[in-house]
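Chain nomenclature is as follows: A, B, C and D, assigned in order of appearance, with residue numbering initiated at 1 for each chain independently.
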Amino acid sequence: MASTTYRPAGPAAVPGVAGSGPRAWPGARAATTPKMAATQTGIWVGVCAIFMSFAAFVSALVVREGSSTDWQHLVLPRVLYINTLVLLGSSYTLEACRRRFAIVTRQETEPGGATRVSPLPWLYATIMLGSIFVTGQWLAWRTLAAHGFYLATNPSSSFFYVLTAMHGLHLLGGMAALTYMARRLARSVTSTQASALSATAVYWHFIGLLWIFLFLVMAIRL
Amino acid sequence: MNDASAQPEIHHLAPPHSFIRKHVFSLDHKVIGLQYYGLALAAVFIGMVLSWLMRLHLGWTSLAIPGLQHFSQNGAPGGVITPEYYLSLMTMHGTIMIFFVLTNAPFSGFGNYFLPIQIGAEDMAFPRFNMMSFWVTFVAFLVLIAAFFVHDGPPISGWTAYPTLSSIGKDAGPGEAMGQNLWAVSIALFCIGQLLGSLNFIATTLDLRTKGMTLARMPLSTWAWFITACIGLLAFADLLPATILLILDRTAGTSFFNPAGLVVSDTLQPHSGGSPLLWQHLFWFFGHPEVYIAIVPGLGIISHILPAFIRKPLLGGMRVMVGCMIAIGFLSYMVWGHHMFVSGMNPFSAILFSVPTLIITIPNTVAVLIWLGSIYGANLRFTSASLFCLGFISVFISGGISGFFLAQPAIDTYLHATYFVVAHFHFVMAVAAIFGIFAATYFWMPKMIGRMMNETLGKWHFWLTFIGVYCIFMPMHYLGLAGNVRRYATFTDNFLLPLIPVHKFITVAALLTGAAQFIFLYNLFHTRWWGPKAPDNPWEATSLEWSTTSPPPFDNFGGKHPVVYQDAYEYGAEGPQDYVMQTTPGKASAT
Amino acid sequence: MRIAYFCCLGIVVLVASAMLVFARPPAGGTITGKVSYTGTPAKMKPIDMSKEPTCAKEHNPPEKTQTVVTGPGNSLEYVVVYISAGEKPSGPPSQVMRYDQKGCMYTPHVLPLQANQPLQIYTDDPVAHNIHPMPKLNSEWNKSQPPGAPPIEAKWEKPEFIAVKCNIHPWMHGYFAVVSTPHYAVTDEQGNFTIKDVPPGKYTVTAWQESYGTQNQEVTVSAGAATVNFSYKALPY
Amino acid sequence: MGKVFAVLLVIITLVSVYPIIAHTWWPPPTISTTGPGVDGQMNETMIETGILFLSSQLILAGFVWAFGGRKGKIKHWPGGHKPVVAFGIIIVGLEVLSLSFVGSKVWAAMYMAAPNAQALHVDVQAEQFAFFFRYAGPDGVFGGIHPEKISDATGNYFGLDPENDVAARDDIVVGSLTIPVNTPILLTLHTKDVIHNFYVPELRIQLDIVPGLDIPLHFTATKTGRYEIVCTQLCGLGHYSMRAFLEVMSQSDYDSWLKQQSGD
């Protein structure tokens, strides 16, 4: 049986011959082995699935509103605007973290000593902003509850709680990923972590965009 | 090369040694594939027993089934199945078969085992996700089975769980309290498991193909699993929210599906403004693609196995069959409305949905014609696997034909909820998919467990099953034409009484056909421990799984990745060996 | 001669009177009475059983709904009268109460029984029924009973008036009047009732009618019969 | 073995087709004005798919007979795959076009045509597990429906409020659908609990009754007689026993029936 010892396939390998995962996507440049490419693909496929499920929620919202006579509009709690800004900010800090990471990892190869500025603080900042967002969402719930809007009060409040809760769950998953990255970076900062970091970043930015999408939907529809 | 440890490590994980890591919480895609297969085997057995009970009740309504009262005192007092228990059996049969058999075996089971091998990878892209997806599915199965043991029994709302019957709660009837909750939770868990699995399949196929394994050289089975994963990713991502909303309506008092002013058993329900049709749209947007999640792997598996036994590539090569499968997967998202022709939705949309539904028969017809055209001029070899392939083609035709009727609202308005539909989807989806599973089992078991299955028993299993399924499901078409409504626990209407003899015939056929499956079970388990050792390539097939040992080592190819030089199906070559393996260097002399 | 005659007579008289005195049962009163209404009760609709021809055949002319069943002299049938207060609690009886389904009707329409008293529900019909009691305090259940199926066994822990219905034949509607006393009765076609063997004492007697609700009266039972009459105000709708 | 398979498949195919041709089990004769259209569509589809079914199964059997166990030079389908694919697309495509064109006309005639203005209006209430039918009575007006008033015990299946709603007092509520023959009927379908379905095989009509919706359905029965209305949407433990009768009478019988009903 013909076979060969393993050579990492990737951008270097002949196109169409080696594991030819899509390469055009953000962060995919970091992929130097099929495994890393797969991580990139995986995160994008996952993002598609998550978006699909939220699309289902939103279409349910639209159908439910269209078919019903009992739809009452909901005044969204002010704090949501702040939360949105916080989440945008967290995306910025994460990008800052990745820039630092890029510099540091480049210095691995370059001889001589520019000062090694750790990307970690930016990552911690991102995690902090994330947790602020979660707290903010919780405050928003409290505000609604204080006005007597609970999960089953009326369709719009039902959808508000469901959408925010689902988004919150996915965001907590993102924060878990960030914490995991933080633990890895705390140990050492090497280019091997690039794909993991960029995958985490893709997910985190998606969660941010998803929130803006949901926020618009809720602002218009609820 | 059985001993992977002697080889350079290409697997980023070390081979496991403890029993638990090896056989229970294993990260090895081969073990996980076998686990899925085992789960499906257990599920299909339960589902078959349930169908036996249902058939017995339909044939002989007041028959006391000995011992059944010990299993469910309320459901079968004195062993006689009550109408509500019949509906419970029906619901569980449908749910178990569709989710835990037709989705698990051909897609998750064989897919997990052979997709990485057929593309020359050492494992799935995300082994941990892979393990998670199986164990989540396993828990989902346990939760579903638990419904048998709660106080008022399993749900009675069918596998489609239409609100408001499924969303009101206990007032709607027995089984609609805890049983329906368990059902919903189980389905939600199952969705999560499938999403993880599909993600894995897609990433693996796109990025872990070995040197030379271009998309054009991928075996059709891998193509089918890849396409199925793409379908499943969207389908289950749509069912999960629907199920969450259903759970909320049942437990949190929300009104997504429950309209106002419902009076159930003289109790006014505290809901307002929901839309039962919303669930039907969400459900069938998943539900119809789910049909193809069940059958597309079958198409791929048959297209992969058939060439090995007709000793020639499929007519038109890869392109046509792949095109058919992609077209089916794509169209499957535009046709969900044909399940709702008589649901009270806008009659105009029925026409809109009927056209793509009829169009989707075109790629299916082309696929059948390709198979037929490929058999022409072949050196057809008869094995259990090839017989089940031929049987698949036959039942797939029989099932597809009846689709022409149900795709037209004007005829569906007569046939919609009759046994004609039962016959249709059992033929085209259940029986066809099961034949695909059998073909795959006889074809791949030597590779999976390293032992040859008994051909004589296999062929007997085929003949009995083939005759049996036609005896069971063909008469159901006639029942449907006579207006026999489905999901009836017993037939008391005057126009149904004359049809009961037909039901008795079907029941007998079902019992015999079911009994024939024990030949298969015996064959499988006897082979597992006492079968003769299997060579690496017993069928003289070409694809990568046959270029490694049976069973393959932990990292599939013993410390290396194969390099692919040939297309997937280089059969019919000149000379002593009429096939060229994908790993054989040089230009294939084959067609 | 004559003296002997008188003696015999005297002895006979003595014995007879003694028998009269001593043969009396130990003092236990009965509560009797009549339940009636004033005003015009709602018109009971005839029940359309055309869904179930076998049952429809058995009722000609068709049965009427039974939420308010009146008798001669403005009397009310199916009113449960029972002692609701004033007596010592007594254990549940072992006697099995029987509830029947005949011709797609519940007989009797109202079945009074005691808490924790065994209950058996029979069907004589050639068609399947489902028995669906809808209690508030006790636990709800809902079971089919195909023709020829064994009787369904049940028990109610807590006293309450439990509506029972058959979803397969929506017109089938009855009540289990679960009380905590052995002293109860249901009014007959003339609206009369009799509660027997009530030990002397002061009691509260309650009457319950499914559409008109409950009424209470104080009553003192001594040797002999006490009489309590109830009267409900009926409305046309 | 190839011959065994081929013979078996031929036998199965012919046996399967026989009851269809012999009409051993067949829809009951239709009694509605739109029914013949459905039957015509059904027959056309039956013929076209029958040809497809027979030809494909027999071709499969023939090929397996011819090439089963064969050991020789591999032959290929003359002309390659293109004609085959084209054949499939064209044949099925034409069938699809014809069927969907004619079929949608039949469908439109049943469910999209506007009901006759003089149609007799009957209100249908479905519940677990029975149908009830309401006629407007002498005043020709239906009383309003009040869910909180619905009670099976008092026979108030529609939740009428005769106390405050005069229109409701003379509404006639019965358990079987009685209609005059050859008269357009307009049903308004609603349910008080779960999804039910209104199915009369002879009318070739099947339509779900969805909670929260009032679904109109119109038809004209052309033959007097007694037919069964059954529920075909899973609605609970009594689903199989949920039915009512459709009494199609001559106009005179119907009038006397109606008079008798509004009498008591």
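We adopt the following convention: a contact is a pair of C-beta atoms (placed from the backbone, for glycine too) under 8 Å apart; a residue touches a chain by one contact, two chains touch by 3 or more.
Here the structure is a predicted model, which means the values were calculated and not measured.
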Path length in the contact graph (chain A to chain D, fewest steps): 2
Pair of chains ranked first by number of touching C-beta pairs: B-D
Chain centre separation in whole Å, for chain D relative to chain B (CA means): 30
Inter-centroid spacing, chain C versus chain B (mean Cα positions, whole Å): 59
Interchain centroid distance [CA atoms averaged], chain C/chain D, Å: 48
Inter-centroid spacing, chain B versus chain A (mean Cα positions, whole Å): 33
Residue numbers of chain B (touch at least two other chains): 82-84, 173-174, 260, 265-266, 273-275, 277, 490, 492
Two or more partner chains touched - positions in chain A: none
Residue numbers of chain D (touch at least two other chains): 127-128, 152-153, 236-238, 241, 243
Touching pairs - complete list by chain label: A-B, B-C, B-D, C-D
Contacting residues of chain B [partner chain A, same complex]: 8, 10, 12, 121, 125-126, 195, 198-200, 202-204, 206-212, 214, 233-234, 237-238, 240-242, 244-245, 248, 252-256, 260, 272-275, 277-278, 281-282, 285, 547-548, 557, 560-563, 565, 581, 583-585
Interfacial residue positions of chain C with respect to chain B in the complex: 127-128, 130, 132, 134, 140-144, 146-150, 152, 163, 165, 167
Contacting residues of chain D [partner chain C, same complex]: 127-131, 152-155, 157, 162-163, 173-176, 236-238, 241-245, 264
Sites on chain A touched by chain B in the complex: 1-7, 9, 13, 16-22, 34-35, 37-39, 41-42, 45-46, 48-50, 52-54, 56-57, 60, 63-64, 67-71, 151-152, 154-155, 158, 162, 166
Interfacial residue positions of chain B with respect to chain C in the complex: 61-62, 74, 77-78, 80, 82-84, 152, 170, 173-174, 265-267, 490, 492
